[in-house]
């Protein structure tokens, strides 16, 4: 408390407002950060948290109009000329971005890219810079014997690339490091690794860190101070424990509530006959030939998987990207050929030689992850929702269709007049509702939810989860809930399957799996998940 | 300003080095068509003769600038009483460009070869009448004819009858070896052919050291080339529309002359309704020659009323027989039962006289109710469809062979004009050797085809040459397709 | 701002299209009428743009010429779309299959031929004329549209709503027509205008070398060819048709770019 | 990579074979008989037949195709009907004009397009950008033969700085030869440069929007430095594609320009040969051009790999 009064802040934003092409993005932002401290900025998409970061770096898109004062280490960044700024960027202030896949120049080796930022700010020989680069990469966990400097980005995984980005940012031991959603695009396990790396670096170099995220849990145990943003405003800021203790602003409470949210659902009474019965399912992809002649090698994405889903049951399928869960879902939906095993839906085989009978198709529907690519932008909502009706033997009349559409619209909590709108007029959350409306119009018995809420902000996600729970309760729907996010699965499924390398490594009641995981991988997964409740407890207890 | 001045200077240097300002003993001649090869006894293309005739190759006799037939490799000859044996005395000391001597053996070889069964000579019929070629001695050769032939000396003057050497004829297509005052030097295919002075020429040596024939097919390019000084002369300038302007320019002189090219609206005499003489006459009267000569040739060209060159002493002006009279032609069509006109085809070869003239004629015929469908053809297509296939109604073409009225005696010819009297007349003419009688026969011939309105007779193609005003000695006329450079020199 | 991009193009295109359309009903003078005495008239109240080397009214010639060029280009582009788009969609629907391979190789083959030469050969085979010019130009439009629609379709096929459609039991044909086609029309329209302008240039080129439209039907290309030798004495004869071509093509290109921005900003950089 | 190359070579070969068939068939149906064309109006039928025999035109189509295609493999293009010289020699002479001309034009268009494109992209929406885009629009719209006419009118006839056309040949000196190709090259380059500029610009703009450009800026690179060091190379792929297309276009597509400047190039050779029904020349030269195009596309593909490491590995 006291040192804050004495010490001069490293970074100080005073009444910073930003407009881009006239539309206000930031409204009178005031923030302070002391050297060596960690500031967490939390907000959902569109809250302006990223733009705050870019304002600090003075890297704003065309048509930006920034007012207010940003002071850094005694200089005023807001009226500094470009050349001086270039000297600061990457040198005194480093930045890490959200999307590691695209943050690196694909045509330059990682060594080049790290060395470049060194040579930019230090008068050192190519050779010297190269050596330093090697050192830095070591420190971010890319040992040179495994990852020579000559590697190109496309030869690295997402997590490894993020490490390179970090290496570029910290190469010159900046006083301030800005991390903009550095882990959002990554799997849970990688996420925690990167988090640890950042913590380590910050402590070792005594850097100040601005950590921007949408996920309270991620920052809770990292940040000294926290700022919660919405619509370009800082709703509340202060030391982490205070913020969590008081949570004066209703939105913050909502935010916190949402991320701890548990939808109410009555778990189904398990019926004997399974609705979905998967036996020894195998899916393979051909890969490009290695040698001139000889067969194309195949990649086995799904390897002899068996499981069942009872009517009214909700099953979670958890695994990290590339574990084959999407392949599995498409195979179940019958839109991907399988190389072995069988899938029975209500007693009918999905992968019969002849085309799927309408009756079977009707029983199963799907909701996809990306609310933006899930709809044909050229069609009106009514037509979008009505699409599954195509499978019915006798397609219903216009009138019937209309009523069915309106019905399912209401059931997902949308208005009747929404039927005549185009998809781009809706927000992400609303779109997922429409997706669900499309899924339930045929009164199916099983809905495959492929990362259905992963792309949504926490508050919206909570609403959608409630909706799904309600639908399940009302109509005894079964869900196959595919997700990489364990916290989601935990709150809405009866049973959970953990998937790795195309195989199911652990299965069982959600509760038991979460409380006493048997498989090592499962444990790793669970360990990696930042638990908000824990960190709050920690904060409250006043120690970290 | 300075920087701008530098550029032309630099260019000027380039120009000098590029030798665009030619030394005054060499000459760049523009030609529209490039010869396919350089063997005048093997190919028909006029372009061949236009380069080699009288320059590289010579015949026993040779055309003069006025169309007269003069001695060449034959210094003199005698004709037997019955007119069936021609004895030629050859020039002495004539050498081919490869140094070998030219003697009567070469003459025999050349003429036999040209007339042989498998000969690919385009004017074979010229030699059809030759019974045998007889070597009397090295300097004397005799021709025995099947029948008396007044045309023989004339025939032997053709480019297709030049004397070649057996040992070099194989390569004549690309590097001709003749006896002429120039010898072949170099051929950049698609661009130019160069010939240079033959130092040991048997006759009077030529004044030019070197002559370049540059091939420029596009009329625009031709104009540009002459204006830019890339070319010293265009013996046959392809774009009459520019002549007025060029004439006004002191740097150039425009040489107007006559050609053997009767430009006619060839008519398919076997295709209805054109097989009706009244219809053909109607067409003749519907055509306004002056408009065509103005519109297509910009005034250059002499109206003709029959298939005969006006500059020929035997010429009779028959244009009155087919003067411009739309009313009359309408009447004739009515008479032929075609008062509401008819439709026929007009197939046009590439030259401007045909394409432009065609459009004009089409609109003139439309005036009297004759509807023509124009289709533009390349030469190859024209030969295929019109000349060989006889699948046409009307076409426009210029017949550039000298004294070729004889073609009307061939019913198979593409006009398909079949008139026994005319054929008889031509036979007499060919057998006749008395000049006066020949003259009258020719006049009758002209009149017959004019009265039969075999074709629409438009105009005699003018030879519109353009040359640097300092250049002298080019042939004004072309009695045959040739650019005889023996007399050409630069005036300083 | 969008309007600013589209407006000039639209105006130019409209100008020449209307000129072409009007010429069907009315032209100041009959273009088939040749009057040698009246040739090379400079512009006056009767002949607004003067007369050509046959005494024909330039304005009328230009109007009918516009008709020819536009007609040829439109049909050529039509051919390209008619064959190209289905081919492209099929290839995309059956991506990776031998059919896809076949179609794409065939495209490469056509692309491998020097377009203008083939056009010349075609006109040499079947004789010169508008129809053959159209065919010649059209053939080379096919692969353009085939590639474009295949590429665009592939990116659409990846989208989730296609999966949803499959789950609803829809087949490749139905998906292509219901979902793919509507989503690539913008691209097609934009490319269409570009090919259109290229078509006009091509027609002009062919007519210029005498293989395009045949007399007495006027065409800009042939007007240029006819006036070639006169460019030094009667430059306006070469100027008007040249400008007509330039302005029409310019208009179409501007329109194309405008549409590109207007219809779908995401396509702004698309090539 | 090897596998990829191998596959490409197979495709290349197949393309050529099919192409040769297409070419032969298309051209053999062209009406018009070379022999009778060569012999002209007054030729006798038997003369024509004699010539046909001499040219081997009396053989069956299949025979002719096989002997022709076989010859091509051996690099023997046959003997021209009209010129009576080996087609190879003619092609060599003509290439001596067309190839330099194409390269010259391409060079010009690159020299114009690269700076212009970069400038326009970096000054996006600015005056420079608008001006450059305007000029390119015009460049795209002007028919190059018309442009060529105007060039001749101005530089050859009014100013007489350049000769109006023709090609003196390389033995008359490099500069003289190049000079005679200058106007044609300019005429050809104008539209090409316009296209290239636009492609350059748009693909640069794409790259400038990429995340890694932001990374570069965050490193402390100035706008300009980031553009040169990171954007350009990434922007090359579409540009390379267009360059490839343009080269093959320039090699063959210069027909009209060659006519306007009466240059003895490949295009004009084909044009004349079609007119004179010198079929074997047409066939051989078209095949040659097809080969050139396929080859260039192939090389462009290799260039991709050179530019973009992602393409080096598999495929």
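For reference, chains read A, B, C and D in written order, and residue numbers begin at 1 within each chain.
The definition used in the following text is that a residue touches a chain if its C-beta (ideal position, glycine included) is under 8 Å from a C-beta of that chain, and two chains touch if they have at least 3 such contacts.
Computed from a prediction, not measured in an experiment: that's the story for all the values here.
Number of steps on the shortest path from subunit B to subunit C, with steps defined by chain touch: 1.
By number of C-beta pairs in contact, C-D leads when A-C and C-D are compared.
The geometric centre of subunit A is 48 Å away from that of subunit C, both derived from CA atoms.
Rounded to whole angstrom, the centroid-to-centroid distance between subunit A and subunit B, based on C-alpha atoms, equals 87 Å.
Subunit C and subunit D have centres, each the mean of its CA atoms, that are 22 Å apart. Separating the centre of subunit A from that of subunit D, both taken as means of CA atoms, is a distance of 50 Å. Of all residues in subunit C, those touching 2 or more other chains are 124, 228, 231-232, listed in ascending order. The multi-chain contact residues of subunit A, meaning those touching 2 or more other chains, do not exist; every residue touches at most one other chain. In subunit D, 31, 149, 157, 259, 274 are the positions where the chain touches two or more neighbouring chains simultaneously. Those chain pairs judged to touch are A-C, A-D, B-C, B-D, C-D.
Considering their complex, residues 11, 14-15, 18-19, 22, 26-27, 29-31, 137-138, 140-143, 145-146, 149, 153, 157, 199, 202-203, 205-206, 238, 248-249, 251-253, 255-256, 259, 267, 270-271, 274, 282, 286, 289-290, 293-294, 297 of subunit D touch subunit C.
Across the complex, subunit A meets subunit D through its residues 57, 59, 62, 82-83, 86-91, 94-95, 97, 99, 102-108, 116-117, 120-121, 152, 154, 165, 168-169, 288-292.
Subunit D makes touch with subunit B in their complex at residues 31-34, 36-44, 46-47, 50-51, 54, 82-85, 90, 93-94, 149, 152, 156-157, 159-169, 172-173, 175-176, 179-180, 259-265, 268-269, 272, 274-277.
Considering their complex, residues 159-161, 163-170, 178-179, 182-183 of subunit C touch subunit A.
In the complex of the two chains, the subunit A residues touching subunit C come out as 330, 333-335, 355-356, 358, 361, 364-366, 368-370, 373-379, 384, 387-388, 390-391, 438.
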